[in-house]
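Multiple structures are listed underneath, in structure tokens.
Look for chain A in each of the two complexes below; its partner is chain B in the first and chain C in the second.
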Partner chain A sequence: MRYGLHNYRFEVKKFYAQSLAGAPETRLTALDNGLRVASEETGHATCTVGLWIGAGSRYESEKNNGAGFFLEHMAFKGTKKHPQTALEQEVESMGAHLSAYTSREHTAYYMKTLAKDLPKAVELLSEVVQHCSLNEADVEQQRAVVLRELEEVEGNLQEVCLDLLHATAFQGTPLSYSVLGPSSNARTLSRQDLVEYLGSHYKAPRMVLSAAGGVNHEELVGLAKTHFSGLSFEYEGDAIPVLSPCRFTGSEIRMRDDAMPLAHVAIAVEGARVGSPDIVPLMVANSIIGSYDIKSGGGKNMSSRLAAMAAEENFCESFQAFHSSYSDTGLMGMYFVTDMHHIEDMMHWSQNAWMNMCTTVTDSDVARGKKSLKASLVAQLNGTTPICDDIGRHVLNYGRRVPLAEWDARINAVTPKMVRDVCSKYIYDKCPAVAAVGPVEQLPDYNRTRASMYWLRF
Partner chain B sequence: MMSIAARRSAIGTCLQFTKPTVNASVFSRLVKDFVPAASANGKVPHLISRVNHIIRPVRDPLLSSQFYFRSEFTGATGIRLAHTDIKVPDFSDYRRPEVQDPNKSSQDSSEARKVFSYLVTGATTVVTVYAAKTVVSQFVSSMSASADVLALSKIEVKLADIPEGRNMTFKWRGKPLFVRHRTEKEIATEEGVNLGELRDPQHDKDRVQNPKWVIVLGVCTHLGCVPIANAGDYGGYYCPCHGSHYDASGRIRKGPAPLNLEVPFYEFVDEDTVVVG
Partner chain C sequence: MSRCRSWSPVQRYGLAAYRRYSGSGGYPNIPLSSPLPGVPSPTFASVDGLEKSETRITTLENGLRVASQNKFGQFCTVGILVNSGSRHETKYPSGIAHFLEKLAFSSTAQYGSRDEILLTLEKHGGICDCQTSRDTTMYAISAEVKGLDTVVSLLSDAVLQPRLLDEEIEMTQMAVRFELEDLNMRPDPEPLLTEMIHAAAYRGNTVGLPRFCPGDNVDKIDQAVLHGYLRSYYCPQRMVLAGVGIEHEQLVKCARRYLLNTRPVWGEATPTDVDLSVAQYTGGIIALLVVKRCILMRGVWAQQEDDFIPFAVLNMMMGGGGSFSAGGPGKGMFTRLYLNVLNRHHWMYNATAYHHSYEDSGLLCIHASADPRQLREMVEIITREFIQMAGTPGEMELERAKTQLKSMLMMNLESRPVVFEDVGRQVLSTGKRKLPHELCALISNVTTSDIKRVTSKMLRSKPAVAALGDLTELPSFEHIQAALSSKDGRLPRTYRLFR
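Then we have the complex of A and B:
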């Protein structure tokens, strides 16, 4: 191998293409009751295995908003076969990590353990999900914990801001609910509510048993058959919960508190749904805008124009472009944290970056964005847990795992004209949703923000 | 280790928010358990009892006090414990009909709603600009000549008052105006004049609209005196100042004047009336 510049770059490209082509295949099997089993054998000595469920706050109603979250708290409080201490001991003796998360459309319970402990892990997971004990005393005890958690999350202003963004953008629809649920529900949810929630949403066709690491697919399927055959797939009264579309409302919500040191502002337009072909150009556009944190190096030499400006003029502490996709809608936007004197500037230049995407994005910007997107997609899958999560979410969203090679091909197909057209479709002259927390007096009026969503020069 | 394991947040930054460009579902909620000791042995009686009352923040030594957590203990109601308690009000009263239904995407009607708004705005702008222009020009034109001044610029002459062969003089725009009722003989004479003889050649029919009536300014083109009607060698006008003779058409025939008498703008409103000016 020669290390002259020309040859080295060629070698790197070859490695990238090879690694994409040679990535282990994700195998997918479905059981009779509808449960899907998916795994990727990466050859690691450890593995992550878990259950990804198509349930979340979007499936809740105003009365039981927060049930999924509460249930997640209850999950590790013991099962019918293993009371709490026994469960804890089992997990700890394996040296495993048992975790869970709930989001608006997905819930996940997963375990990180040694590859050889896969059978035990699947058994414990099956118990946690199917046979959670849910006794009254634990429910009452966890109630206090949930309430304290609600207090605690007030300190995470990013979470607060983005929750408020959803609340206003999707007002009147289930997507506006926060995963945590209101405190009134935390105080009144009963064991019965949790059982009902479990019964209506934890159904086999909506669940995926996903694994990544040193796992064997056949072994996993066998374990699934052993432990998950009893998973219900029928709904009471044949009432299959159907998700209705959620209306997006261009609107604004401000939680002003001049005592806070920093303002957190998020602005978003309605984005693309999960299976939309527009996702990739939008992701490229977000890559071009990029993200910035004052703690990172780079300063005014950052490639993203907005980041370079933010660093040089000290416009913000941090910003990021984000795109949350749900099954039939999405939120594409920008979130920034800044002090009270730079909100207007930051908002102006953020929207300017958007207008640039819609009208004058250059070839070099798009090339840079594509490369950085490919790099981040690959870098994200750095361990069995991110891979397992990727598998679980993909199977729930798309019905299959989308391999990196496919993402690569779709990204390569993006042209500057495509970026301009797609961004114009979603951003240009559309009503945004704005959420702001902190000392936000300087944030321009909504009419001004709305007026900056188009350029008179075009 | 178990209690931390149960509520692992270490993956937090990686899965939760750092890949903003890529996340299909950014907002994964990771649970954090920050009361590990309590949950492990299940004994938190003081917390349970608080559930039935209003929870007071900043009392528990485990939690650091949060200056930005605005919860004053004002009573049974009126305390917001969490941002999730904030309810966005129902704005249905203000919504357009296409977006009343929360279960229908607003994208479908977005084009139509925008077009309507822009059309209304555009039409209002046009009307407003026109109205503004009207108001401004009304104010500006108030500075131009008033009606009484403008009225002086025209004169209405009743032709029935003038007998044949006679000339009448009117004051018009500060100058004398001659209106002459010509006889047939005079008309024939003037029309027959050879243009080569004239100092200022003009055929009679170029100077009158109706040959019976000659309307000219009574100002001599030499030095501005007023000629006398029915005088001079040519049956027209004679200027006594320097001896200029004009014919029945007002053309100069003899004398120092260089040009014919000026014919102003006039029109016959009807058989009997002419408006000059």
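Then we have the complex of A and C:
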């Protein structure tokens, strides 16, 4: 708009932008008490509306680790106006789905429903979050459920491995806690702990009311004013919780169990924090490394080099490259599942893929990675719930919803040199964190793994 | 310790310089919390009721139907649905459908191999997939809208001109064997039970034929057999080219270009042995002895076009799921199987109602699983539930089931691939598509008398039973039949001398 010299190119860009933005605008409004309301009107007959809260296991201490998760369980057990059965019947009769999830830095309560039921949905959500009844009897009952769920999660080895990764990479800091908390806390958490947690973290400036589907923004803001104006924005004694910085420690943890059929291994370096512009080249790099699953039957003809090799030589059952970012740090890594005889090979080739990113990644690889990243970003937003989730998390992380056109521009700006530079900044010669579960005798010693984080070729 | 080394550039040049390291080449080092300058602010789409727009259908000269539904967005889903599946395999070795599913999108006349196809699709950000069921085979591609021409040409190639090379067939044989092994080893027995209940209900015909290739047929299927089958069933009158997210005229143009006069690779021949048999419900029992847990599936006959919606509502009313948790409010915790069965008998692992429907018949099943020692009680509970279905459903219960069905329908239709499948299947079976709001209206019109009518019709037919596990306590089929014809659903009393 300001660059007259680039008028023609600008015109072309505008048409491309028009065709790309085949999506409606996300509108954002803030209420007086700090609550932000964001929505995207897509014209569907259904909608998803929910509250995304900037609270999670990172805000917990060793004593109350697991409180957020416990609270999520208690949320649907009744509110002051609707006791449990009434709440459940209300939701069921609307044909709606009420769900929640807790992660390390976010908690979300959301409801999928028909668009015409938006007012009722917002009302129920406001009650669930603000006026949860938290009966003593229910707390005791849910304790058993939480313990049983903790037991079941132990069987999901992917979760176990990634939790161990966080525990070792961020050891001694709140990011090392798992979201579910230890069973000792699940046995001792009391109603008082939950009330304290609620009171110190469920504050208006840290919440976003997000909606997607057949919703009208003005109507949503009106409903928010009606139901959420009472949401507190002040802390007791002005004790605003300050996030302590979480340092990354290069380290290793192994849970060896030769009775398990497969080994699950994760290796990660410190990655980019949530708002960092480096995330885009790192995501492109992960997209080039790709992922693989033996059951998907891609065979030897996958585009990712590591995947093709894994398929041909049968190195692993599955692998994926991932990047998790938190408000001031992140984890960029790879996770793979393999049998006990191929761990060393798989680790070698994974680190080789990383070195390739840092030094010799080619133009065609980067072009392919960019294309598939753009395609996956768009493909994920398939339905009102993923869109609503995207809006909620974006507003919490970036303060605004990043439109697809901007993601497109940022991804287009990535060049092979940029991928090499950014990957070197984060990966080359850095101490990784390694977590392994299963028959891991073959996993190389940490010093060997550390030594493979650089090449002596130049 | 080696963190010292990585921090030394910082110490030498300062934090700001270190950060600029990533901003090389003129890339603005702007965090994601501020908009990127120079990006033109996008012109956003406005919603103008596109969802209510009609599905447009055109029939080409060779009988192929082209159907499309417009939807804004950068991506589209286009595919070919063929009226062919395991039910048409009466005169052929069973398992052809399974093979065709695995062989889909392999080498064709124009594309030398599957990875050439995947590479072409990658240029348009696309993915391809094939799924077969008992009566339909669906080849689908999701890609960017501007790649429509390539997509339709690829589809026509994959469906009408696959090369079916020997080495591909060999690899498919291996993949099929692997999948069969996996099915048998899985802790979740549902696919096996679905096979068994269909085999029991429609003994030896159409829908009762196995959907997964039986182990001994894996080696019998080769190119000649496949060509014979394809010649009879892959003809234009049995196909629909469906698309979501594209303009109808464009799709028709591409269809004319690539699907109108293409000779299929197995040669033109007037289809002779097309199997037009109607599904014959027989009822019966199939039991398979495995270990440990015992699972049971019971089905009863259903079907005719008007009855489909009442059966769907009935299925929603029965609901059910795993005993640990329904999954939260909204996932059916007030359905009959939860209220009457799972909440009262905590020893049951699982009780769920399923509804399978085909163009001429259907099945309503209740699947339950529990410890083998309580098999007899479990069977009795299930038969009692079936009998109670014939009673008048409560007003609130019925309303709730109808609302949940409507809401589930609309929520599923948010996703473009689901809309594509809906368009394709409806046009394939009835020649037109009922729009979502029409279906919702039909659901709202279901009354208690409709439910009673379909249930009593269903209960008059012979039941079909499939059981998997340690079956020593399983009551005999005659007893189960007697229970289902009795008034209260109880099994006849047996007196045993030795317990």
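Observations on the structure shown:
The rule we apply is simple: the second predicted complex is superposed on the first by the 438 of 458 C-alpha atoms of A that agree within 3 Å, B and C clash if a C-alpha of one lies under 4 Å from a C-alpha of the other, contacts with A are read in each partner's own complex, and residues count from 1 in each chain.
Here is the rule we use: a contact is a pair of C-beta atoms (placed from the backbone, for glycine too) under 8 Å apart; a residue touches a chain by one contact, two chains touch by 3 or more.
The structure displayed is predicted, hence computed values, not measured ones.
By the touch criterion defined above, A:55 lies against neither chain B nor chain C after alignment on the C-alpha atoms of chain A. Judged by the touch definition given at the top, the superposed model places A:430 against both chain B and chain C. Once the two complexes are overlaid on the shared chain, A:76 sits against chain B and chain C alike. With both structures placed on the common chain, the touch criterion links A:99 to chain B and to chain C. In the superposition on chain A, A:223 contacts neither chain B nor chain C.
Applying the stated contact rule after C-alpha superposition, one finds that A:274 touches each of chain B and chain C. By the touch criterion defined above, A:309 lies against neither chain B nor chain C after alignment on the C-alpha atoms of chain A. Contact with neither chain B nor chain C is seen for A:122 once the two complexes are overlaid on the shared chain. Residue contacts after overlaying the shared chain place A:91 against chain B and chain C alike.
When the two complexes are laid over each other on chain A, chain A has residues 76, 88-89, 91-92, 96-100, 145, 148, 274, 372, 397, 429-431 in contact with both chain B and chain C. Residues 66, 69, 72-73, 76, 84, 88-89, 91-92, 96-106, 108, 137-138, 140-141, 143-145, 147-155, 158, 160, 162-164, 166-168, 171-173, 176, 178-184, 187, 244-249, 251, 253, 255, 257, 259-260, 270, 274, 283, 286-287, 290-291, 320-326, 328-329, 372-373, 376-377, 380, 385-386, 389, 393, 397, 429-431 of chain A are the ones touching chain B in the complex.
Chain B meets chain A in the complex at residues 1-3, 5-8, 11, 14-15, 17, 19-35, 38-39, 42, 44, 47-48, 50-51, 55, 57, 60, 63, 66-70, 81-86, 88, 90-91, 99, 101-107, 110, 114. The residues of chain C lying in touch with chain A in their complex are 2-3, 5-6, 21-25, 27-33, 35-36, 38-40, 42-51, 72-75, 102, 113-115, 118-119, 122-123, 125-126, 142, 144, 171, 175, 324-325, 327-334, 396, 399-400, 403-408, 410-411, 414-417, 436-437.
Taken together, the chain A residues at the contact with chain C in this complex read 1, 3, 10, 13-14, 17-25, 41-46, 76, 87-89, 91-100, 111-114, 145, 148, 213, 250, 274-279, 281, 297-303, 368, 371-372, 374-375, 378-379, 382-384, 397-400, 402-406, 409-410, 413-415, 417-418, 421-422, 425, 429-431, 450.
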